[in-house]
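Each structure below is given as structure tokens.
Presented sequentially are two complexes of chain A, the first with chain B as partner and the second with chain C.
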Partner chain A sequence: MRRLPMPILAYFAVMSALPLFMGTTGLFYDAFQAIFVFSLVGLGLNVVTGFTGLLNLGMAAFMAIGAYTFAILTSDIYPFQIGFWWGILATVAIGAVAGFLLGAPTLGLSGDYLAIVTMGFGEITLDVLKNLDAVTKGTQGINPLPRPTFGPWTLELQQERGWYWLLLGFVLLAVLAVRRLERSRSGRAWLSIREDALASQCMGIPPKRTKMIAFATGSALAALGGALFAALLSSTGEPASYDFQVSILALCIVIVGGMGSVAGTLVGAVVMVGMNSLVLVKLADWAGAAGVGNASNVLASPNNWKYLIFGLALILVVRLKPDGLLPPRLEGGSS
Partner chain B sequence: MSLLEVRGITMRFGGLTAVDDVSFNVDQGQIFAVIGPNGAGKTTLFNAITGVYEPTEGSVRFKGSPVRLEPDARLAWRAAVVAILAGLSAFLAINVQELWTVGIAANYVLNQPFPWGKAAGDALAAARAVPFAWGVLPAILGAGVGAGTVVALWQRSRRTPDLIARAGLARTFQNIRLFTDLSLVENVLVGMDSRMHSGFWTNLFRLPAFSRERAWTEREALDLLAFVGLSERAHEAAGSLPYGHRRRLEIARALASRPAVLLLDEPAAGMNPSEVVELMDLIRRVRDRGVTVILIEHHMKLVMGISDRIVVLQYGKLIGQGTPAEIRADRRCIEAYLGTEGEG
Partner chain C sequence: MEWVDFFLQQLITGLSNGMIIALIAIGYTMVYGIIELINFAHGDLFMLGAFLALTVVGLLGLGDWSGASAWAAVVIMLIASAGFCGVLNWGVDRLAYKPLRNASKLSLLVSAIGASFILVNLGLFWGGLPMDVFAGGVAAAAPKDFPALVPNTNLLGEESLVQFTPKDVLVWAVTVPLMVGLTWIVTRTRLGKAMRATAQNPVAARLMGIDTDRVIGATFLIGGALGGFASVIYSLYNNTISFQMGYRAGMDAFTAAVLGGIGSMPGAVTGALVIGLVRSMSDAYLETRWTNTIVFGILVLILIFRPSGLLGSRAKEKV
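Let's look at the complex of A and B:
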């Protein structure tokens, strides 16, 4: 296999070394664990929207499907209890199947219509999770969930560094998978559909099957992200943790990073999620210490400025760097 | 038997008849030209032949038979979709919540072994207790809706451009349609897709078949770029090419599928005289590779210079066909195309 490009190598070098300077616990880990989870979701959306050009506004639903599948299959409140690793495998498979099931009837739709359908799918998924409470425990969420084991050794919840590296490892696997697909017949077919759907079909590429595979791949990655998100909290959390805002956050990551760019998606996740879980939290702390902040005053709490800042970041990127922070770069030849 | 037989093709868009009962045969190894004034229906005819449009009437026979998906293609896959839909509708109608409660929640005690057999029995009993109409009717309904959709989709997908391209009819477009963000090699490799076999898993896990296929496809893509004279820019983005070169890349991309027939839609549009001469040479070399060429063109010097046979369209109707010499002598064709004497 040809080497990963410099930006991606640099990202993994820096990220794997970073915890050595950050102590063993604290805000840094909360932020970066979220960043890695959303990197996975972003990579999935990058396959669907960045490579294949299909606007998917329901990524959160696939995250939720992943989280709940993982929880139902592994939690000890249910009899299945297949364990962490089998749970992850099953989640990825079921995420892909869910992608196929949604894709089969809808991928004939073009552009905006597909976006609306995926958005609706996200809302329906939330409602099902809320109301099917015998299975999903309604707004409580399913907990506790098992910890990953490595032979005799178990990764406990408070071992922040371990989780950090585990999640980084999953991101690395996902990056390798997505890059391999991108630089192959499968990925070229996706890109050709994005570039010119009619020309692509006239070159013998079956549009529907190709889109379905892209959709299933993206959904599988989002489901993996959702399962790890749940495992990290040892709970699926309430269904509202997978609402429309989450889908939009995933889209922001891909747009800010650069549509169709793997390295860009990684950077986009650091920027967007980092702003949310690191910068805003720090800002709130600082404001509180300085006596400026006030949790009871809506405007004085930086956390309430979140979406304003998201929006601003998006506008800035689209105005100043329309192709994203790290746009896809043509690499010599194929694969 | 001709390689391509066009039988009474008619294309209507609402009240407008763009192509009206056009028939002709193209023989193997010919360079065949379709000429006619703007708006005569030439590109519409191409679109009907390549499956972009479904002809309102008439048919196209390629190598003696119509190009379309046979009824048995991927039947198992379609049956599975219907079965899944039927099962899912029944399952949902019977009430997932209740089945779960009766089967799993009622039988499971924390940290005790789970009685799988009893759970399945309980769930089945609960499902049986549901009135017949609630369980079986939704299943039948789901299967019906599924089967209807599958049949409708299958009917629509029987004669699509991708099937026709795979059968061996490749084309270029009047307004060049390249994959501008992909490199030249990648453009050609997309064209080669129908000859590749590596699937999703092969590509994901980089199985040996992947490297083998990559080796020969890249070699052949570079050969094709050399054939059209673009090899020195092979790894640049297609969008960076100057106009004249884009046509050549489009031809290379179309040739990549090793088509039996290549349809060129106004290949000389916007070219200067020396580029046209090069293009004529290229088209002849394509023919010499054993590819039958059908082209739409306004450039008379090119058409008369290389065509073996010409058909003339006017207002969607075929008004004449023959060798270049015959067309040049045909009064009706001259009037239609060049205007009557005195008009200029």
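Let's look at the complex of A and C:
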């Protein structure tokens, strides 16, 4: 296997050392745990949208499927209780199957119709989660969930550093897997389909099967992100935690980072989720301390600028830097 | 025969709501027909139209007008919102879509999603205006009451179990002439001919001396204005507006446009009437909480099994 390129190595070096300077608890950990969860979702969407050129606006639904699958399989209110690690494995498998099931009838559709179908799938998933509250426990969410164990040792919820490194480890695994896939037969087929579906079909690449593999890979990664998100909170949270905004956040990560670029996705997650969970929260604190963030002024609350920031990020990047912050590097004179 | 009355009631509600959806759906279908873009921002444009109407109510004190002057107030709002939404839609095209005419369809769609989010945020800010109609600007995100300028009296008599109100009259009195006028523009005028030519083949249209940029701009202007009209009658019909209503309305309208065959105007109207009826019937006979699932389910099934829509015959896929 080829060595990881410099930007990715640097990223993991900096990220694994960072907690040593940040104390053992606090906002930093909340933000970076979210960043790593969304890095996984972003890596998944990057496979679908970046590599294969299919717009999926329903990533939140696959996160939700992951979170609820993990919760139902591991929580002590359900009979399965298969434990953290088997729960994660099963979730990834079920995420892939869910992607397959949605992909099978829809991947023949042209680009923007596929986007709409995935968006509709996201909405339907959300409604089903809300309405089947007998199973999903409605706004309460399913909780508590088991903690990961390493032999005799259990990672408790308040051990923020441990969670940080655990999530970073999952991101590393995902990066290795995605880079490996990118260079595999399937991965080269993805890029080829994206560049020219007709030409690759002539070369004997089956478009539908190729797209399905991409879709299933992306969904599995999103489901993994969802399961870890739930494990981290020890609860699935309410169904609304997986709404359309979350799918758009995943899209922002991939577009801002650079479509088809693994390093770009990691950077995109730091920038977009960092904006969401670190900068806006800090600004809100400062505004509160300075006394301007009162409820009567909508402009004073930084949280109210979120949609504007997401929207501007999408429009400006597409217009001014269509390849994103860290565009994919073309290797071996390909494409 | 109580169940007949009940059914008729759902029919009236469904068709009236369907006509409102139709005006929005035409905006989607016109833009898709001409530049093959799902204009994500269209539903949120509609939402801003409603906020403008409420602002006009506040500025001119229209809320107290009654009788004949209430109808004058309605006309003022219609003109204001239609003008505002038309110009805004044209502006969104200028800033967010026009620079990407030669970019990939994916970039264009992403840009439209971005525009939609920006408009939603503007709606949130707008709801925080320190005006009485916006509850003094406190709780900007909360739904706003829209004054009941058009009364809810039953035109079929007090005893009748079926309600047919001036609100329904308003919906039909606004939507039908607009649709007739639009059909006239598209089929009989020079602009309409240029629009159809641009939709069919923009390059050939340009070679024939058609200023396609102007035609596309005009399409956005007209589509936006229709959304503005829709926002006023929606607000008067439902009497409550919120900065998040664009997403729901937009999805209904888009589903309608796809259902009828995107790109086709009669298709959009037919699809919208079907969606309006499905919504009201599902609310009445099934459970309200499943209505959205049913609408989205229809959208997904139509896209999978009949992507050209009910009325769409020419399923052209540009390669």
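Please note the rule applied: the second predicted complex is superposed on the first by the 328 of 335 C-alpha atoms of A that agree within 3 Å, B and C clash if a C-alpha of one lies under 4 Å from a C-alpha of the other, contacts with A are read in each partner's own complex, and residues count from 1 in each chain.
Definition applied: a residue touches a chain if its C-beta (ideal position, glycine included) is under 8 Å from a C-beta of that chain, and two chains touch if they have at least 3 such contacts.
In this text, all values refer to a predicted model and were calculated from it rather than measured experimentally.
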Overlay on chain A: chain C relative to chain B, clash or fit: fit
Figure out whether A:Phe244 sits in contact with chain B (first) or chain C (second), or with both, or with neither. second
For A:Met275 in the superposed arrangement: first (chain B), second (chain C), both or neither? neither
Quick check on the superposed pair: does A:Trp305 touch chain B, chain C, both, or neither? Answer first, second, both or neither. second
Using the touch definition from the top, say if A:Met203 reaches chain B (first), chain C (second), both or neither. first
Can A:Leu157 be said to touch chain B (first), chain C (second), both, or neither? neither
Touching partner for A:Ser186 - first (chain B), second (chain C), both, neither: first
Contacts of A:Ile77 with chain B and chain C, given as first, second, both or neither: first
Using the touch definition from the top, say if A:Val135 reaches chain B (first), chain C (second), both or neither. first
Could you tell me the angle at the CA centre of chain A between the CA centres of chain B and chain C, given to the nearest 10 degrees? 80
Based on the superposed arrangement, let me know which partner A:Pro105 touches: chain B (first), chain C (second), both, or neither? both
For the overlay built on chain A, what is the smallest gap between any CA atom of chain B and any CA atom of chain C, in Å? 9
Contact residues common to both interfaces of chain A (with chain B and with chain C): 105, 198
Which residues of chain A touch chain B once you look at their complex with the stated criterion? 1, 76-79, 101, 104-105, 108, 132-135, 177, 180-181, 184-189, 191-192, 195-196, 198-208, 213, 260, 328, 330, 332-335
Could you pull out which chain C residues touch chain A in their complex? 36-38, 95-96, 99-100, 103, 105-107, 109-111, 113-122, 124-125, 127-128, 136-141, 247, 251, 254, 258, 289-290, 292-293, 296-297, 299-300, 303-304, 307, 317, 319
Sort out for me which residues of chain A touch chain C in the complex. 49, 53, 55, 57, 105-106, 109-113, 115-117, 120-121, 123-124, 127-128, 130-131, 198, 244, 248, 251, 255, 295-299, 304-308, 310-315, 318-319, 322
Contact set on chain B toward chain A in their complex: 50, 52, 81, 84, 96-98, 100-101, 104-105, 107-108, 110-111, 114, 116, 119, 149, 153, 157, 160-162, 165-166, 170-171, 173, 177-183, 185-186, 189-191, 193-194, 196, 198-200, 203-204, 206, 210, 213-214, 218, 234-237, 253-254, 257
